[in-house]
Amino acid sequence: MRLGNRNNNQLRHVSIVTGVNKYAEGSCLVSFGDTKVMCNATVEKRVPLFLKGSGKGWVTAEYSMLPRSTDQRVERDVKRGAVNGRASEIQRLIGRSLRSVVDMSKMGGEYQIIVDCDVIQADGGTRTASITGGFVAMILAFNKMVKDRIIRQIPVREYVAAVSAGVVRDELLLDLDYNEDSNCKSDVNFVLSENGGIVEIQGTAEAEPFSEENFMQLFCMAKDGINDLIRIQKAVLKDIF
Amino acid sequence: MRLGNRNNNQLRHVSIVTGVNKYAEGSCLVSFGDTKVMCNATVEKRVPLFLKGSGKGWVTAEYSMLPRSTDQRVERDVKRGAVNGRASEIQRLIGRSLRSVVDMSKMGGEYQIIVDCDVIQADGGTRTASITGGFVAMILAFNKMVKDRIIRQIPVREYVAAVSAGVVRDELLLDLDYNEDSNCKSDVNFVLSENGGIVEIQGTAEAEPFSEENFMQLFCMAKDGINDLIRIQKAVLKDIF
Amino acid sequence: MRLGNRNNNQLRHVSIVTGVNKYAEGSCLVSFGDTKVMCNATVEKRVPLFLKGSGKGWVTAEYSMLPRSTDQRVERDVKRGAVNGRASEIQRLIGRSLRSVVDMSKMGGEYQIIVDCDVIQADGGTRTASITGGFVAMILAFNKMVKDRIIRQIPVREYVAAVSAGVVRDELLLDLDYNEDSNCKSDVNFVLSENGGIVEIQGTAEAEPFSEENFMQLFCMAKDGINDLIRIQKAVLKDIF
Amino acid sequence: MRLGNRNNNQLRHVSIVTGVNKYAEGSCLVSFGDTKVMCNATVEKRVPLFLKGSGKGWVTAEYSMLPRSTDQRVERDVKRGAVNGRASEIQRLIGRSLRSVVDMSKMGGEYQIIVDCDVIQADGGTRTASITGGFVAMILAFNKMVKDRIIRQIPVREYVAAVSAGVVRDELLLDLDYNEDSNCKSDVNFVLSENGGIVEIQGTAEAEPFSEENFMQLFCMAKDGINDLIRIQKAVLKDIF
Amino acid sequence: MRLGNRNNNQLRHVSIVTGVNKYAEGSCLVSFGDTKVMCNATVEKRVPLFLKGSGKGWVTAEYSMLPRSTDQRVERDVKRGAVNGRASEIQRLIGRSLRSVVDMSKMGGEYQIIVDCDVIQADGGTRTASITGGFVAMILAFNKMVKDRIIRQIPVREYVAAVSAGVVRDELLLDLDYNEDSNCKSDVNFVLSENGGIVEIQGTAEAEPFSEENFMQLFCMAKDGINDLIRIQKAVLKDIF
Amino acid sequence: MRLGNRNNNQLRHVSIVTGVNKYAEGSCLVSFGDTKVMCNATVEKRVPLFLKGSGKGWVTAEYSMLPRSTDQRVERDVKRGAVNGRASEIQRLIGRSLRSVVDMSKMGGEYQIIVDCDVIQADGGTRTASITGGFVAMILAFNKMVKDRIIRQIPVREYVAAVSAGVVRDELLLDLDYNEDSNCKSDVNFVLSENGGIVEIQGTAEAEPFSEENFMQLFCMAKDGINDLIRIQKAVLKDIF
């Protein structure tokens, strides 16, 4: 039995609360069960070096965990001297996922949106929560740019959200919590768009290779989960996008 | 007129919400007006090198600001390669302030409490909020140690809290917000104990030296403010300390 | 037309030359066309901290590019002060891929194999070449351990190899070179085992989401490519595994 | 009895020798007893980023201890990878103290004075010696700017100096040496200006809070000590400021 | 008897294979016996800060060892956080040696050649192999600049090469391999030019001072060795320099 | 004419003042003209990892320049994040030079002497001054170990000192100052022992190769200079070594 009597194909309780930071151009606190991520989107009038002079904008992300977001306290990155490999991998994933639905040539020039995803509490699925919440923060930031007359409309083609699915003790489960994730034989993160497009698929066999059949079943389950997540995003953003 | 019609000697609205992190041995979210700091206290069965074999415990703190806790986004420490000077100064202050009221020889042996103060939103007074909230998180962590039968009682002699006071355009003001702080000619942070003892006084002339008379008036004002803060701490901790 | 008249579903010329380093317990130089990676496997009598006392072994990888392995010279990691995000992501992928087919409880105790993948020349597909060649270097290192009587047989369940596939100007292509990769709308890296098991799938939409149908076609193509790669690995390793 | 039969309210032997570096625009070797600090002031034609285009100048400081300035050799900062927290706190204090008496809009444009305080030998009070000697080096550097016709007069409003005072075994002592400092229950550093203005007050309870009464007595003692220090500074600088 | 029956005054088998990298403006793989170094020369249209505006060019080098180039695997520089002292010393030596024969005012303006020397396999003499091979890569890069009509002729005055010589168990040996080097009482690296000029001499007594007489004998031996090396360089470069 | 009417083969005024640091086991301030280096020798009861369990001792050195030891202020190492290449090269040279005359198996067990050479003022020849002064500090530290009955006699075989010589505008000059060094066509640093043994020879052609004849003349000149330096060392150490 899953915690809270969830069905195998059921999301945890998901909530997205916007406007939680008075400075950020867009912000939300996203929860997938006990996983809580603060997503703050910042608009800056500058782009990375490789885009200078291009007239195009950019969207990027940073991801970090508070030291006590986990059961065992972890050292801050700065103490170890570098962003750890896992965090670096996740923040690159978040950035790519958000950029996949943005028309960066319509960002009003060389503007950059940085989405900071800071994990307040981690209980599995921090990267999928970060993408799902990060999308909301990004839309809010674009909306601020519309209000500030930098752009005339939000340059985003469709919604995007993310969810994990995996095989745990021969059961196929959606939206794994930390305990399930730790016992997982194979774990796939799906980032899908509103129209069913694939943005990212990252499937990993934890201990040994898994079958193509399992992969296809997890894919199916994830598509339904993503639809639910996008419904929740839309409820929050309905007045503006 | 101060924001929200505050009197010169009045604190901002202060709240301390405990139990905001399911993993930390002690946690609270402390707000001084729009300044919000997440304080998580962790108990570890190890002490710094210089205490190994001493049989004594230790209390320390780490302080960091989320990138968008401020009006202008700031780079993460890890990107710049080091804790910045200001943060390092503040976390040393928080640690000293908490240790001043703890009997470290009664911590049940070589245990360490690390109080992580992560600024969610900054509007002036983050160090005083961190000390005031950090004290609460520390007491909660000690209480957990009592429940876990590591110690028999909380080894803390008295309450401690902190507040700022300063001279702004010739007015003496308590608990400066960011806007007031920026216009401040002199700024003193007071860390005082319940019995009126001085834990730390850090007075700084921002642009030019200020008079002893002003200093004494700010001190008076701070003593009242600290009393109010300790009353709020006690309301939160009343069942355990 | 693809460079060298390759068919869309055809690998580049792949070669694996073993014994290229006189010190390493296992070594090979793997080429996928102009992409050349030096893979050196080292056996060490120590494991990461989290495995100490477990009696289990470990397999890990490090990935780096020589400064002039690319068209434009890139700075060494040490000058920038950190392994860059991309390299960190790739070396984690290589490590996971190799571990997925190893029985780490049969490594003769707490031994670690480190597979260094140093890119001598990069022309797309450095991560898939690294996994494919890294597997060979790892088997050779295990074989050395057999000869040294640390273990009685190579504790590897099956072969593993990797290949990329992607959609370039509406064509589905296998094993993208750098030029193709740069023009790619969606790019999937497949790491599959000899028995058709999925080890890793990392699919990324470069500019916009891509369809599930495309994904399935790329998957098919990759399965054939992996079979070819494993045939080449087997030719090289036939006497020992 | 204090070392060398000092009275409780008596400074150690203080000396300031100028012109000890042939390159620096201003330099002195300041001694408070066995504490010796080399202060070198450098004039540079550039200011920090935040002042560019402002037309204003800047004064800043760096503080470091030679590895064997202390009884136990300490590692160099560069080996540990960062300025330690204590040094960072002290150099910020020195910088603020010097700036408090300088009119930075009269520095002849965007010039910066960097005062390097390198501790040759440490026996307590290195920060107060650094401020006291750093002031002298700064004045000498301004004098060089006058001679070089960058400015017409030294843009400094008044003298500033610093001294510590503390409670050691219930005695109130001025200008603590290392041994006294180690046994100190409470320790206050006073930075005061010639006209009695407060520049910085940093009071710290080492083990437990101390009383307001003690604080006021230390303040009194410090005022006399500062007067003596300024007299010594004036003897050295008499011909130019 | 030396390995491979070498005479005391005989070089190991030396080979220089050019064109081993398709991107670099000049490249070669140089071998001194089992010591193998990849030398890649890059032409960049920029110079170090101190040469900006001078109209002059620059030649510099970077040196690094692959982790398993040695019998015991060594950590990558980036993991330790810095180029190690030895590598830094060697790359400075390579740079100086190459610059000694280049007329940097005739490099067609502010161009920089960076010679990357990456040790693939180390068996003693990596620095002398790097200089000898680096010279060839540099000439090839200059030749590319001639072809690209940036310069009209290669601005190099004469050939330069390097070899080690040392006293091992009272025998005077040329071109020490790792085993000989480890047993060496004194070790001198000679960098000499075609016309017999001294570019660098670095003699080190490993355990105790050695005599001037020995030094002179090693010098003689080295001159012959250098002549042989330059003959090999000329065979490779004969068509262009 | 050289500064101060020095003859070509004449040292600058050299002085060695001992006992300049009350904590160090051995200390001196060495001056070669305006070049001033503080040498502090520390005795520690530990050796580097590679010597643990060997029963042998070790001698090592660290070298650093104060920011304003030079005409143009230089950044501290810690700000740039690493010991710079030049400093690293020099400190390795100092360490090797001192070790060449020490019998490390007679250091009373696993003791380490660290000689810190901090350049107070630099005017050419800082490395040769550091070796010459560092030798004195080391002997004093060994003498302290004798007094502390750790060893029975100073385990040093002979004196060692260092001097530079070079060709400046076709003149052969001993002990170059900064101005001469900057105009130098070739520059050799000689580290020689009392008995005429070669410890280190580092000859560098600054702009173009130089002749063997010049090298031999510089060598002669240096031998006389070293004799003078050793005479000065002996005057200082006469009572103990």
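Order of writing sets the chain letters: A, B, C, D, E and F. Residues in each chain are counted from 1.
Quick note on the criterion: a residue touches a chain if its C-beta (ideal position, glycine included) is under 8 Å from a C-beta of that chain, and two chains touch if they have at least 3 such contacts.
Bear in mind the structure is a predicted one, so any value in this text is a computation, not a measurement.
Asker: What pair in A-B, A-C or C-E shares over half of its contact pairs, by residue number, with E-F?
Answerer: A-C
Asker: For subunit D and subunit F, what's the span in angstrom between their mean Cα positions?
Answerer: Here the centre of subunit F sits 33 Å away from the centre of subunit D.
Asker: Roughly how far is subunit C from subunit F, going centre to centre by Cα mean, in whole Å?
Answerer: Going by mean C-alpha positions, subunit C sits 50 Å from subunit F.
Asker: Whole-Å distance, subunit B centre to subunit D centre, using C-alpha means?
Answerer: The answer is 28 Å.
Asker: Would you mind listing the residues of subunit D that make contact with two or more other chains?
Answerer: Residues 81-83 of subunit D each touch two or more of the other chains.
Asker: In graph terms, nodes being chains and edges touches, is this line, ring, star, complete or other?
Answerer: ring
Asker: What sequence of chains forms the ring when you start at subunit B and head for subunit D?
Answerer: B, D, F, E, C, A
Asker: Can you tell me which positions in subunit D touch subunit F when the two form their complex?
Answerer: 21-24, 27, 34, 38, 40, 42, 44, 62, 64, 66-71, 73, 76-78, 81-83, 114, 116, 118, 120-121
Asker: For the complex, give me every residue of subunit F touching subunit E.
Answerer: Touching subunit E: residues 81-83, 85-86, 88-89, 91-92, 96, 100-101, 157-158, 160, 186, 188, 192-193, 195-205, 207-212, 215, 219 of subunit F.
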